Structures are given as C-alpha cells and as structure tokens.
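Order of writing sets the chain letters: A, B and C. Residues in each chain are counted from 1.
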Amino acid sequence: LKLKTSSLLIAGALFGAAVLPAQANNEAMMDLLKVLRDQGTITAENYELLTNAAKADKESADATEAKVEKVAKKADDATIVSLKGGHLKVKSGDGDFSAQIGGRVMADYAVIDDDRDLDGNGSEIRRARIFLKGKAFNDWGYKAQVDFASDEVTIKDMFIAYNGFENLQLTLGNHKISNGLEANTSSKYITFMERSTIDDVFSVGRKNGLSLATGGDNWSFKTGLHMDGIDNDNNDKDEDYGYGARATFAPINDKTRLIHLGVSAHHQEFEDNFSNGAYSQQRFRARPEIHMINTRPYDTRIDGVEDSNTYGLEAAAVYGPFSAQAEYFKKDVNTDTSDVDFNGWYVYGSYFLTGESRPYKAKHGVFSRVKPKSVVGQGGMGAWELAVRYSDIDLYDGSGPAVNTLGEEGDVTTLGVNWYATSNIRLMANYVMSTVEYKGTAKSDDDIDAFQVRGQIDF
Amino acid sequence: LKLKTSSLLIAGALFGAAVLPAQANNEAMMDLLKVLRDQGTITAENYELLTNAAKADKESADATEAKVEKVAKKADDATIVSLKGGHLKVKSGDGDFSAQIGGRVMADYAVIDDDRDLDGNGSEIRRARIFLKGKAFNDWGYKAQVDFASDEVTIKDMFIAYNGFENLQLTLGNHKISNGLEANTSSKYITFMERSTIDDVFSVGRKNGLSLATGGDNWSFKTGLHMDGIDNDNNDKDEDYGYGARATFAPINDKTRLIHLGVSAHHQEFEDNFSNGAYSQQRFRARPEIHMINTRPYDTRIDGVEDSNTYGLEAAAVYGPFSAQAEYFKKDVNTDTSDVDFNGWYVYGSYFLTGESRPYKAKHGVFSRVKPKSVVGQGGMGAWELAVRYSDIDLYDGSGPAVNTLGEEGDVTTLGVNWYATSNIRLMANYVMSTVEYKGTAKSDDDIDAFQVRGQIDF
Amino acid sequence: LKLKTSSLLIAGALFGAAVLPAQANNEAMMDLLKVLRDQGTITAENYELLTNAAKADKESADATEAKVEKVAKKADDATIVSLKGGHLKVKSGDGDFSAQIGGRVMADYAVIDDDRDLDGNGSEIRRARIFLKGKAFNDWGYKAQVDFASDEVTIKDMFIAYNGFENLQLTLGNHKISNGLEANTSSKYITFMERSTIDDVFSVGRKNGLSLATGGDNWSFKTGLHMDGIDNDNNDKDEDYGYGARATFAPINDKTRLIHLGVSAHHQEFEDNFSNGAYSQQRFRARPEIHMINTRPYDTRIDGVEDSNTYGLEAAAVYGPFSAQAEYFKKDVNTDTSDVDFNGWYVYGSYFLTGESRPYKAKHGVFSRVKPKSVVGQGGMGAWELAVRYSDIDLYDGSGPAVNTLGEEGDVTTLGVNWYATSNIRLMANYVMSTVEYKGTAKSDDDIDAFQVRGQIDF
C-alpha cells in the first residue's frame, strides 16, 4: 500500500485548496483502485482498464477546468462598460485607460417683468453639451466638451492633462482657471439656475492656458497662466493674458458637516485693448441672474484700461441638510490715467427638506453632485431643496474715467426650489427680484423680476 | 449499510438537478467506500485515507464550480454592448439604464433646371447629425441630437422624458411636436428625398416645449404646448407659442397590411410679430421638394398676422409590397383686419420590387425602418422600391392683405427609386417636376425640375 | 466482465479528448461498480444504489459543464470593447460591425515677429474634433467627423464607404480626395505643426464627391470626382467640380526602411466663378506655415479664371531613425485670356533621437502613427524627434493677368522638435523663419518669424 504521495496531495488539497490552482481531481478513485488491486479484489488487467477510465475522466474534467480558467481570465481582462448613475463609462482591464461620453441638457422657461420693457416671456435651451473625456497610458487625461446652446458652437473644455507627478495635475488647453467657489462649481451642481450677478464680472471662467492643481483631504490649491480664449482673435495686437491662484481650506469636512474657506487673486492684462499707442475702452457687463434678458443692464465702460486685479474671499458651511455660502470680490481696474474699483458679494442658504447634505470635494474646493436619498423611478420621491440668495454688485465708484450707459449698481434676491428627481435629473424654479441703479446718470432705477424654471439632465 | 441520506440526495439529484443549485459531487465514491469498509473489503485505515482523498476531490470540484458561478454571474450582470443593425447601444444588466450613440449622414447631388435661372448643379451634405440618447433610473429618458449640415449648428432633439406613468410619455425640451404623418416620420425613413412641399408651411416640426404622448396597439395620441425654438430670440416681445394635438388610428395593422387614419389640429400665436402696438408682416415660405434651390419660390407675406390654426387629415395603407399615403392640410391665418386661408395636400404610392412591406409603428402613428429581405454585404441584393408622389399647395386665396412677391400656388410631381442596401444604408434617386404659379402678380409660371440623388447612412 | 463499450470510450477519451466535446465523466466509477458486482464484491442492490449515486454525480457535473459552455459562448459572441492606445473601439462578435468614437485636441501658442506689424503673440485651439466611424454589415463603412476650432463648425469627414469589391474602396460624401503626400497624411501625424506653405494652394483637401481607392503591399492608387464642398453655396451658377488621381509606389518598404515615390494630377473647374457671361477673379492664398497670422501674406488674384491643372511629384525615404521627404507641385491656371503658372516645393528631414522609425502605410501611400519605444506613464520617456524643413512657393510668373496685392513668392525654413510622450500624445515646438517677396509691386520683402508650440492628443 503506497499512499504516501497521494497523502501529501490530500493534505495539500485539504488545507491549500483555496490557494493552489484548482484542478480537476479523481485521486480517490486512483487510490481505491490501487488498494483493490493490491489486496487482490480486482485483477491487474481490470486495474489497468479501470485506471485508464479514471485517467480519461480526469482529462475530461481538466478540459472543463481549463475552459473555466480561460473564460474567467477573459472576464477579468475585459474592458468594463458601466452606466452607473446614467453615465456611460468605459475602463480598460488594467485601469490604465478610460473613456466617458456624456453631456447635459438644460431647458429653461421664463416670465420676465422688466421696467425697461426690453424683455418678455421666453424659452431657451440654456446648455446643450456633449463631451468625451478619458485617461490614457495611466498618467494622461483629456476632455473635449462643446456647447451647442443658441445653435452656436462654444468650446468649453478642450484640454490635455498630465497626472504623472504625485498629487499634481498639469492641464494644458481650454479649461477652468477660475477664481471663485461658485465659478468653480459645475453648472450641473450650482444651487440656483444662474450663478450670482458678480460672476459675470469677477470670475475668470475657462481660458486657454496652463494650470497646476494640487490638493488634499481638506485643502486645494490651483494656479494658472492663461491666454484669452480658444481662438486667436488678436489683430495686430498681442492677445490678452492673465494669471492667478486660488487656495481653499476645509477645517471641518465630513459627510454632513463642512466649513470651507477660500481666497483667490487674479491679474489680467488687456493687450487687445492696446493699439495706435493707446488703450481703448473696455466693458464690464453683467446680467442680474436672469439669462434670458436681452441687454445686460450692468454695463460699465472704462477708457484706457491697461490691466486689472481681482481679489476674492469665500466661505461656506454645511450642517446636515442646511448649507450656507458667501463670496466677496474686489476688482481694481487700472487705466492709463487713474484706477477704478468694483466690488460685489453674495450670500445664500439652502435647506434639504428630504434630509440630504450638499456634498463637497475638498481636493478641488468645490461642491458636487447631490444624490437624493430616494430616487424617482426606483420607488422614491427625490430630494427637495429650498434656497434663498442675496447678491450685490457695484461697478462704479463715483469718480474716474468710467463711461456708464447702463446700470452701475444693484442687488438681486432669488428664491429657489430644486427637485432632484434622481442624481442626474433635476427641476429648478427661481423667483428673481433685481433692482438696477443708474447712479452716475439721470436714469431712474429699474426693477427686473423673473419667474424661471429649468429641466436639467446630465448623462 | 446506511445509504439513506445518500439515497435522498440521489433522488434529489435525479429529479431535481435542474432546480437545485448545481454542486460538484462524488457521492458514489463516498457511498462505495462505506460499502467496501462495512463489508470488510477495505480496512478502516484505508477507508479513512480514501475518504480524505474523495473529500479533496470534491473540494477541488467545488472550487471549479464556484468559479463557474462567479463568471456566469459576472456575465449576467454585465453591461451589454450591441452593434445590432449598425447601431451602438449599451444597456445595464438590470435594464434600468441604457445609452445609444449614433448619427446620420445624407450626401446629396442635384442637377437643377430652373426657369428662374436661380439654380445650377450642386451638392450638399443634407444632414450630418450626431446624437446621444438614453434611459436613466428606469423611468427617465433623454436625447441630445445636433445637426452640422452647412457647417452650422442646429439643435434637433434636446429633451428630457419621463415614462413613469403607465403608457404615457412626458417630454420637456426641444422635440417634435408635429402635426402630420410625413412630418412625424423620421427623415431616415421618408419615402422621397424631401418631404412634400406642404411640410414647410403646415407642419410644426421641433419646438421647445412640453408634450404628452400615449398610444396602443392600433392608436396614438400626442398633445403639446410649445414656445418658439431653442433660443430666446425675443427682443422686447413675448416669444411665440402654440399648442396642438394629433390622433391616429389603425383599424388594420399587421406585418404586411395597414390602414392608418389621422387627424391633427394646431394653434400658433405670433407674439414676436407684435411690437409698437401692431402686428407686423409674417412670411410663409416653401421649397418645391428640391432642397438645393437658392430662393424658396413659394413666399407669401401677410401683414398684421396675429395667429393661425392648422388642421390636418392623414390616411395611409399598406398591402404587401404596395403602400399609399395622403395628407391634407388647411391653415387659417388670422390678421388684425381679415383672415387668409391656405391649403395643401399630397398623395403618393410606393411598391417594393423585392417584396418588403413598409413597417409601421402604431404607438406613434408613423412609418419606420425598412429592413431588406436580403442585405448587401451578407450575400444579398437589398430592397428596391419605386415611388411616385403628387403634391399641391395653395398659399393665396385671392383676397385679403397678402403681399406676394413670389410663388403662391403650384404642384410637384416626384418619381423616386430607393435602394435599401442594408437596413441602415440607402441610395435614393428622385426626379422632381414642379410648377410654381404667380397668380396675384404679373409674373408667368415657373418650372423648376431637378434630378437629385442621395447616399444615406444612419448609425 | 463487459468493458468493451467502456473500452471504446476510454480510447476515445485518451486520444480524442481535445477534439471531442468535453463532457463530465465518471466512467471509471461505473466500470468499477460493474467489476465489483460481477465478481460479487458488492451486492446487486448496492450496485443499483451506487450506480444511481454515480449517475447523479454525472448529472451534476454535466450541469456545470453546460454552464461553462454557455458562459464561454457568451464571451465569444460578446461585442468587444477596447481602449487600446487610448482609442475607444467596439467590435461585434462576428466582426461584421464595428464602431469607434474619438477626436483630437491641438492647443497652440505662438510668439510672432512680423515685419508687417499684423501679428502679435497669441493662442488658439488649432483643432478640436469629434468623430464617429464604423463598419456595418461587413462591406459598408462610414465616418462623421466635425471640427469645432474657432467656435465654428467645420464638417471634415462625412461619408459612406463600400468595401464589397475585392481590394477596392468606394467612398461617397465629404472626404479627402487629396493629391499629395503631406496632404494625405493626417494632421495627427505630420512632422511639423503646419503642412508646408504650398499645401494651401496646391492640395485639394476634403471635397464632397466619389472616390475609388485601391492598393497593395507596396503601391496605392486613388481617383475621384468631386463637387465643391459640404454646402451648396452656388447661387445662379453651377457648383465647382474637379477630378484627379494619385498613384504611389514603394520599391523598398519594411519596418525601418522605405523608398516612397508618388505622382498626382488634378483638374479643377471654377464654375462658381462664371456669371453674366464672364469669369471673375479667383484668389490663391497661403500662410507661411504659421496658422495664427491674421492675413495670409501670399495672395495672388487672377481675373477670368476658368480652370486649373495641378501636377505633383512626391518622394520620401526612411532609414532607421532618419527620414526625408520632398514634394514638388506645378499649377497651370487657365484664364479666358492667358495662362499663369504657379509652382512650389519643399524638402525635409527628421531624426528620432530615441531610435523610432517613421511608420508608413503602403496601401494608402501615407505616413502614419509614431509609436514611441517607451511610453511616458508606463515608465518610459517617449520618443524625441528633430526635424528641419525648407519650402519655397512661387505664385507669380511675371506676366499675365495676375493682380497681386500681397506676397507672390517666398520661402520658409522651419526647425522642429517633437516629443511623442505616448503614441497618442505629443508636444511640438517649431521655429519658423519666412520671407515673403512682393516682386510685382513696389513693396519690399517681409520677414515673418514665429516660435510656436503645440500640445496634441488624439483619442
């Protein structure tokens, strides 16, 4: 009786089955046949035949086993396609490559009551975007996003990124080199239909340039140098350029509680403005949180603008379903004769009736996607949010070379209700009450009010 | 001999194998070893060793079995990617999410003989579209489709849909709120290269608004309220709006036989037209089923237009390879002084030489994709269709405030041949003979004839 | 003892296991039980029970086996999604269908020193493209590619292809019907940031028409007939049309060594130019390999142009990391009074410091994608290439009806460095020195120099 080799195998199989490569087995039969032959229960001839049968059984089982291994490997190596949350994402088996295809649709409808008699009821597709983005060769990334609103092409993101340095992202091309909290938060996630009035004048938005971004569990830092935009529209002049930085810090940052603080600074050169040895007029314009109005009521024109400096302060807090957010901006506009100061600020609060908390991404110092606790379409009712904002803008300091043809100063109060049916679909309703003051001119103040609603999806 | 437990297992395995969770088994060996030990054929020591070997065999087989289960589950849960028919579709394992990416290309070439001397031979990319559409969280849908023909952006579909109510689709955004059979049938599936002349003036097309659609095995109903388009281009005026409904009924509807009947009504307000206390001129223009002509020969201009009402009748029939289709439209244009009536109709027939039948979707009351019985590229010859259409338009009723600078009345006869190489590729050739009459003016009639061909693919 | 049937099975299992459909087996047990029963070791009753147990074991194993087969088949039939090289490709299990979604981003920055004082420093997104392409029903193909640079839509490829004839591709729609080596090589793969000066005037580019292409291991031939472009912009005139052919031959063509020779000819009719019984002026314009300059300095205007004939010669060589390339073009412009001759040529060389060779596709007679030997992001350093080009253009022959308002003759020397970080990402730097001569006018020569860099990705 020679079961030693087999005994070792048995031990291996018993204790190591999980780690040993699985293999089809019929050791028991082989051993039994040996025992029966050795003690004469079966003849040597029968032993031979039966052993062959057992070997054939084993080969058949091994073939199945190999097929299983092959299919399992195929499944492991396969590119993974996902539609999680309604977003089409593809990822290579090794994780070095990924791709995402998506977009966003925002359909707006407004009833506008305008003292200026410049606006009526209307509708628009506010944003209609398609994008491709991805990761390539582990360290590289890209995004190509185009907006088709108003039947026009507007290149949004169009950049290459390098992530090969530890905790540092280099981005080259057209992308957000923005200087504020609201400006850096995606239009998919902003609390009101429009960013506050001050955004038009004080935030940098997307520019064609180079930026460096880094961040951690409770902080972020981004700095960039940029040209003017996506097209070289300079004539015999150099293109505008600028540079700036933004830093944020979140001393408290857990799922339902947040304190966010941020500062930013940005310098802008107006090279396009310079020709024939002189700087020409520059316009600073804004809409009062109603996008569908025809003419921007805030429109300060300044002669001889050489450059400007913009400084921003941010603060935000989340406490369970409550959140509050405020920003203050100051812009020094430097002309060839004197300087002009602008400033603006807003403050707002929001409350989720359904108990959600506004989610925050500390590494980028921005708010992100609200995920309702229950989803419409899967038996739930979505998330409901109430919000109110007050914003104030001052584009005139009573002196200097400003030429004002329209509003210079004013404020806006907005009441909002958001219904997040799912994590990627929401309906918004805003009631906007704005007052535009024409301080430097003979005009009296204007009230522009609007009730506006939006259907929004991003995919 | 205690085989009772095993016997139960055996019975279970014999009669319940299909429903019991599959499991690797070596009951026979275990039982045999017991038998041999009990009757003294093998020793207790050998029994112990052999039993261990059998258990190890079983564990090995169980590991394989588990691996199979895991891979099978992975395959079942996996997002499904399909290229069926040349259309890239992705569907989540649970069916709650889907996405489709595609587009269409139509390349046209024309030889035009124009009495007006306004047109020559030419070419154009008639349609160049890309779209993303999908389903999210089970009850929601969306589509974003943009056309790039003529190197211009035209937003086509850009909407969010809710399908959570039983047999009811709510759609918000830019989409077809159309009022006719030809208008509601996709340009991918229309029988001639262009829809009939009357489509330009009488159909509503895509608008930004809200619609409700429902339907069954042999009927459809759709109603909607809409603003003007995808951009808020109203100046100090309210934007145009309208509302309407369409109902269809198919008393006969099987694979090769169909009777389709339909009615529609639509009211349009021309708010953009109103300024300074008066309604201004409105133009009603059309092309005679030749898209590449420069100036639309039908061009009726009416002063003081306040609103219009459009009524439509539809009928269609399919009998094997034969099909026929007709529509009649009447439009009352109401001005601040008097009313003007327009009307138009067409009738056409088609015959598939290769035996196909025009497919119909009763739930939407439209014709859909022709699938050739044999496919070019897979050994077949495609489908061949002959068609003839006569259409008549009258944009002048001989009285009232109309200001006609161009054609007012006329008819078009079109002969067509379609070759459906595959279900998504077809070549079309149309010979178009049109006569434009200038009844209210001194001009004599014009003949505009064209031979035009199209290469078409949708993906 | 009746082992005969079993013996056959054993032999089959031993010698044919690989080809027989794998099946779970426990022949050895069945045989052993027979032996033990026949020689009386076990009772008939036990034999019966044990045989049932063995059969149950087998059924259980068979169920597993069937499950494996099902999953393996599912994996084999499944649509394959790949991100290889950063390109998202989808292919049906049977290979009859495929789809690819991608694009390209090129972000450019330039410092321009222009004697004309027409240009300053600037930036632009040089190319911003998205495409869908695919294969359908085995024999058919399509591509839809749109460029969004300068926030404008430009349809690039928009075509249907038929590949059902052996070694022959028919293409209908907007596509490259080009007549040169540089012109036919994708902008993703050209050695310098811009094609040579002569490309603007002598190459055909993308046109809306029909082409036939064929080729082999060391040759290619393409011929086409085309209309003007993607839009029918002819007024009362016929649209421009043209036809031409290109043939290439590569007597040496292996991985690291190449000799490429090519010829092309193209005829262009200027129908749009004809109105009121006369041909009007036609402009031939070019940029000196700097795209961001405002006004094209080469601008020859000729009255009464009826048609033109363009002839081209191409030669290229690769020897390991070295490559050289040259083209010569001659264009006869025929007017209603006399003829004018243009000509231009360039020659360039490049060297890969990192040892790569420029890859070539003989079947299309073009250069293709450089794949670095080591990749940044996967532990490598990418590929580094140095290059120099000299190009010369002459758009004035000193006589005839030419009306020259700007440069007529000139040359450009470009020094280039390319860093291929990965196969789909490269950074380019070009120093361009150009001289524009105004021979026929009183103007003195202009120097336009530029240092320009590009970040490029295609996906």
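Before moving on, here are some points about what is shown:
The working rule: a contact is a pair of C-beta atoms (placed from the backbone, for glycine too) under 8 Å apart; a residue touches a chain by one contact, two chains touch by 3 or more.
Nothing here was measured: the structure is a model prediction, and the numbers come from that model.
Chain contacts here are complete: no pair of chains fails to touch. Chain C is reached from chain A by a rotation of 120°, derived from superposing Cα atoms (nearest 5). Where the sister copies chain B and chain C meet, the same residue numbers recur on both sides for under half of the interface positions.
Averaging Cα coordinates per chain places chain B and chain C 32 Å apart.
Looking at chain C, one finds that residues 26, 29, 32, 36, 41, 61, 64, 68, 71, 75, 81, 101, 130, 152-153 touch two or more other chains. For chain A in complex with chain C, the touching residues are 26, 29, 32-33, 36, 41-42, 46, 49-57, 59-61, 63-64, 67-68, 70-71, 74-75, 78-79, 81, 90-92, 96-99, 101, 130, 132, 134, 136-140, 142, 144, 146, 152-155, 158-160, 164, 172-174, 208-209, 227-232, 234-239, 271.
The part of chain A that touches chain B in the complex is made up of residues 1, 3, 6-7, 9-10, 12-14, 17-18, 22-29, 31-32, 35-36, 39, 41, 61, 64-65, 68-69, 71-72, 75, 80-86, 88, 101-103, 105, 107, 109-110, 117-125, 128, 130, 148-153, 292, 294, 375-378, 421-422, 424-425, 455-457, 459.
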